[in-house]
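Per-chain numbering from 1; labels A, B and C assigned in written order.
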């Protein structure tokens, strides 16, 4: 986290009001109390930072007019450490993560709530930077930030800033995307390089610092999904492989649908710097977290056209086929190694730890 | 990575495999000593591609697997202390002690940090002068120079709030112990490449003579492993038993002299009980008298530890190559990576974990009955 | 044991009386203690384990080893020359008939 800085060190570009917030450069318990301090924080830090994405009505709940259709609803909490890492911050993840959860059902995301749990003593400059990145990500994704909450916990009870975002979106008619639709014969596509986000975050973790050019790939994917659906293809499954990596996502889908998955190791798009970092720490790229990437299961006849459509979009330009669905070994993911052998790609237990052996 | 990726070339692997197939005329049992080699063999499917006659027996070269239970329990006792920051390599976190593991102590509030290098632990000691920083110094000869340098620096720089919990194990005595075992089936060894990067190859010719086994110093990438196997098979087929170095890019006969000098200063040989195998005389290193002040076993009163190994676990037999992991009744049932009974199921290169993670496809359905662990895919 | 990887020394400096180097692993960079390779120079390749260089990587040897593998060919028939097979079983050096035949015991 950044060291507490003077209020005038914060970037105020575009903000309506300068940071008043009494004389405190850091979060205090009162900011979570619902009184004047809370109101000041919303009015003078969050709203200006959110910019055009914010709905300023400030009621207890937001009333949304949604176009007819099924509503997709998702929530996620963001606890990443450190808050700021190469290529992004917890703010980017908080918006893109929930936008993507909605997009994986084929939904057009409409609005998000943002709830913050702040540790007393968190520098306001850090919170300001996070809020700014939330606003910028929401604007980029075209979603509104319509309601929120702030609570403060005792120093030592948290990690600076925890964020929860919940989001709603509308699923167009005729779209039916869910893990149980995976079928033997389906082709599995990934939208681009894997292992990128996890390595970017790991590279600045205490005890592991290493210099790398890898930056987080956090990005909103709903427009890429729209382009894929726009081909008329019957996309069966979409999943964004976050914690646990591609391995975890494939495992869950295989288990949910009662099918097996076969991967071709040589097809996996692992960029060289990710490969090198994994080699150094003894990690397997299949288990490393991703952010702005998706997996798609499509019927074999639709695969080429979906791939082509993805490659024409900025977030899908490196899309490739990495495997297929089979009827054998239901619930298991098996990879054909470069040497021609087979190995089971198991569900990761927990966080991958660097190893010496 | 240069000088690494080239040694995974599938085309060249095929050539080496063909050579092995052509050379093999009868059954041979070869032990790869090092857990990293086991990991590589299973992960790349090398064992599936070798001739049926060539059997790879997975050796005890997994320091995580063989760290004595008593030392694990001592580590857990030290790590539970509120004044201690306990630092460890990631591999050790889930190794089961008699009643718990470091991971669980961390969840209960213990300050346990995963580090990449022992120097990171020393740095933590510098940054936290009011806390005791303890580093869990396990490993074979490969890791010992790093641990030695760290405690040497601690002494030189007067960093008094740092100590080392040492449990080093040595390869040559283990090779001898394996060959002495009456049930030994091993006919040739792939010696651990990086151990030899440090120690050189001088300790092995006496073993080849005494036990009449070929020993080939072997690396870790697929081509290195295949070349090690190829040379071992050729020796066996022609009745030779010599020391060969198939990892010349990283191993010199004399080893690393400055490292060996430091090792002589910081460590002294001791008897060590290998978890699952038993006492092997002169098979370990502990801190020498000059560095006794930095010995965590001395600094923290951890006497009176009574160990309690699982009655069901057959790690020892796996480590000696007497059974394959799936031949253990508990494999995949009570014992899984999520709920390991023994260390060979915990370590990423323990044979049981390797079989569970990579090989379940070929094993009978009865062996795969363990329920899949739940995973919460939150966001990071 | 012994996850150790080769990297190239980019810079070298003395820190607290210890030889440290910034080592490049194909794009990933890490600080490495090189006290055990006292004559290390920038441009050298070293084998790194838990933050320490434990041995130099002999580049010439690496290339030679790869070249030897290249010289082995993929055998087209399952056991090729029956005479050669019999000779091998008897432990007799097989004369190199052409470049594709692996030499006898080293």
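Assume a residue touches a chain if its C-beta (ideal position, glycine included) is under 8 Å from a C-beta of that chain, and two chains touch if they have at least 3 such contacts.
Bear in mind that the values here come from a model prediction, so they are computed numbers and not experimental data.
Remark: the per-chain Cα centre closest to the mean position of all protein Cα atoms belongs to B.
Annotation: A-B is the more contact-rich of the chain pairs A-B and A-C, by number of C-beta pairs in contact. Inter-chain spacing, taken between the CA centroids of subunit B and subunit C, is 21 Å.
One inter-chain figure worth recording: subunit A and subunit B are separated by 37 Å, centre to centre, where each centre is the mean of the chain's CA atoms. For the pair subunit A and subunit C, the distance between mean C-alpha positions equals 41 Å. Shared interface positions of subunit A, defined as residues touching 2 or more other chains, are 275-276, 279, 282, 355-357.
The multi-chain contact residues of subunit B, meaning those touching 2 or more other chains, are 1, 4, 14, 35-36, 62-63, 89, 116, 120, 139, 143, 349.
Of all residues in subunit C, those touching 2 or more other chains are 1-3, 5, 25-26, 49-50, listed in ascending order. The touching residues of subunit B, counted against subunit C in their complex, run 1-4, 6-7, 9, 12, 14-16, 18-19, 21-23, 25, 34-36, 61-63, 89, 116-120, 139-140, 142-143, 145-146, 149, 153, 156-157, 192-195, 197-198, 220, 223, 227, 231, 234-235, 237-240, 244, 248-252, 256, 258-259, 262, 349.
Listed in rising order, the residues of subunit A touching subunit B in the complex are 76-80, 93, 97, 197-198, 201, 206-208, 242-244, 248-249, 251-252, 255, 275-276, 279, 281-282, 289, 329, 331-332, 334, 337-344, 346-349, 353-357.
Taken in their complex, subunit C has these residues touching subunit B: 1-8, 16-18, 25-26, 33, 35-38, 45, 47, 49-52, 54-55, 57-59, 61-62, 64-66, 69-70, 72-75, 78-80, 85, 88-89, 91, 102, 104-106. By the touch criterion given at the top, residues 1-3, 5, 22, 25-30, 48-50 of subunit C touch subunit A in their complex. The touching residues of subunit B, counted against subunit A in their complex, run 1, 4-5, 8, 10, 13-14, 35-36, 39, 42-49, 62-64, 89-91, 93-94, 113-116, 120, 139, 143, 222, 337-338, 347-349, 356-361, 372-373, 375, 377-380.
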